[in-house]
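What follows is a set of structures for review.
You will see two complexes here that share chain A, one where it goes with chain B and one where it goes with chain C.
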Partner chain A sequence: GQEFQFGPCRVEGVVLQELWEAFWAVKDIVQAKDNITSVRLLRKEILQNVSDVESCYLIRALLKFYLNTIFKGYLGKAADSRIRKSFSTLANNFFVIASKLQPSQENDMFSISESARRRFLLFQRAFKQLDIQSAQTKAFGEVDILLTWMEKFYQ
Partner chain B sequence: VLCISGGLPKPTNITFLSINMRNILQWSPPEGLQGTEVTYTVQYFIYGQKKWLNKSECRNISRTCCDLSVETSDYEHQYYAKVKAIWETNCSKWAETGRFNPFLETQIGPPGIALTTDERSISIVLTAPEKWKRNPEDSSLSMQQIYSNLKYNVSVYNTQSNRTWSQCVTNHTLVLSWLEPDTLYCVHVESFVPGPPRLAQPSEKLCVRTLKDQTSAVKVK
Partner chain C sequence: DGVAILPAPQNLSVHSTNMKHLLMWSPVVVPGEIIHYFVEYQGEYESLYMSHIWIPSSWGSPTEDPECDITDDITATVPYNLRVRASLGSQTSAWSTLQHPFNRNSTILTPPVMEVTKDGFHLVIKLEDLGPQFEFLVAYWRREPGAKEHVKVVRSRGIPVHLETMEPGVPYCVKVQTLVKAIGRHSPFSQVECVRVQGETLPL
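Let's turn to the complex of A and B:
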């Protein structure tokens, strides 16, 4: 079957189509709750021209942030059962992917991991400029941008 | 245009119709105002930016659609659009779309199909659909270049046995073998891209007859 190849980091056992279907089922509802349309968290420059090697560091940071900061807080508020179902599909799969990513910690990779960290910080800084609830809603509404980028590494 | 806002009901059913990145905003007249001389004004917005932008060719128009292909041609962005109705000194509030993501939502048009046949096989050559372009002289961009995972669902119908079968291919050439001689086969093809669900645009049906079996023709002599 297909697998993710974020440079040296390979992740099997995840069906990307299931993530798409989970998000698409709630896309309109979730994005309609995001009223701050003048702010985009996952801006083009964050995800553009990411090298394969760098992608493992970046995706790991993003997925851990989604799990610990966005999904963790959001589930309690998600009253709509459709959102909760999609939500758990996404969260479970993000957890599987994140737990299988083992980026190299070698010294010679420092500059690459730093580049990935700078990209992630752009995202995190934009997130922190909003109140936590608006930021969580916005980040959840931008899962289509994240999945579009992840799809490039799915073969 | 100075008008009393909210004096009219909003336009309804506002959506993007998008095929091969040709992105057309369309809507229905406000309830109860079909047939009256209502005009419309359109604006669009790039998600993450600051201002609503005018579309000058869609200011005070009477038609209920507006081509925003140029304004939404960067498919790494997402967009909103809105339209309001104006009639005499009254106008409606804005009716707004949801967030439109052309990369994920555009329908992929059918490929071009060329068929050649012999006695027991049909060769199919597919040409990927082209991205919409502003001017015919502009250089073409194949949808394959945008969607590297573009695939095709080829359906084949044997008009004699009434049997249909389909197969999914990624390359652009396909040979159907072990066919019946002197039989009319019809083919239609759909393009599709894995990912979010998209409406499909099936191709026209193309039919071709396999050649007569030459060996039986020789025996007859």
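Let's turn to the complex of A and C:
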């Protein structure tokens, strides 16, 4: 038990409960800073009905975006050490997961990877429609949506 | 900011057993004064992408002892940089950084303490509570030629677990090891303990 199985991509060494606890510790603080309540970045159509095979492509794209665009910008501004502590747990575990995901690059997987890419682009477009600071704050506040979806692939 | 005239703490090392991690260092001594220490850490992500970011330890910022329990700070299986500095009033030392980053997958795993008992004809085991990261692999068998070894993974901690209903007169033996999924490792097996209904525990 205690591993992720995103279709063919298996990831050990991450305790999902540690991620939840890290997010719960700062959920109220982070989500209170999100003033744009009418917008949701990780909309239902992005995460709904994702096949196992497709999940590896999608989670990899999402985690890399979180690591390269959201966390990198957000942490520099987070003075509160509780946020930094939680952030560190999430970032380092996302880093572990992302580094272990090796989706197939075979040609016959092109349509599946394309489907995952379209889903990710929906998220990225929504992110880019906001100013960067609001978008980073909202995306960090939506980590619970991401973890809830990831939990389906956690055994 | 006070001028760093205090000597920096030396000989930093991490002692880690069963996923409990203790950072230790040599104390800075100023006769008649109490020195406070501040411990900070950064995971692999911070050290790669934002190396200026350090996070105060949960239990070691500040501390008066030349040690700090960093277990709650190490929450991913990646290398962590750790540093300590000393402080006395407005005087602060330079930072001392752990020479080699610490990864929790290097923790020492010891065989668990177990209590094998009989409850009537039932073979029961009770295991120490090592925390949520631990599972236990329990192997048990009838001590007789050709006996098959049974294996059970136990997640409950500190609660008696029923293993088997025993046949009178036959010794039943048990050994246990811990499993830590977060680091993908297990401990050595414990000593074997045997019991027999209407007999005493038979240490091997």
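Here is the rule we go by: the second predicted complex is superposed on the first by the 154 of 155 C-alpha atoms of A that agree within 3 Å, B and C clash if a C-alpha of one lies under 4 Å from a C-alpha of the other, contacts with A are read in each partner's own complex, and residues count from 1 in each chain.
In this text, a residue touches a chain if its C-beta (ideal position, glycine included) is under 8 Å from a C-beta of that chain, and two chains touch if they have at least 3 such contacts.
The structure displayed is predicted, hence computed values, not measured ones.
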item: Which of chain B and chain C A:Asn93 touches, first, second, both or neither; value: second
item: First (chain B), second (chain C), both or neither touched by A:Trp24; value: first
item: Touched partner set for A:Thr148, first chain B, second chain C, both or neither; value: first
item: First (chain B), second (chain C), both or neither touched by A:Phe71; value: second
item: Chain B versus chain C as contact partner of A:Glu3, first or second or both or neither; value: second
item: Chain B versus chain C as contact partner of A:Arg40, first or second or both or neither; value: first
item: First (chain B), second (chain C), both or neither touched by A:Ile132; value: neither
item: Partner chain in contact with A:Arg84 - chain B first, chain C second, else both or neither; value: second
item: Chain B/chain C common contact set on chain A; value: 17
item: Touch list for chain A against partner chain B, complex; value: 16-17, 20-21, 23-24, 27-28, 31-32, 34, 37-40, 43-44, 48, 141, 144-145, 147-148, 151
item: Residues of chain B that touch chain A when the two form their complex; value: 45, 47-50, 76-78, 80, 98-99, 101, 103-104, 149, 194-197
item: Chain A residues touching chain C - in the complex, by the definition given at the top; value: 1-3, 12-15, 17-18, 22, 67, 71-72, 75-76, 81, 84-85, 88-89, 91-96
item: Touching residues (chain side chain C, partner chain A) in the complex; value: 41-46, 49-50, 53, 55-56, 58, 73, 75-78, 105, 132-133, 181-184
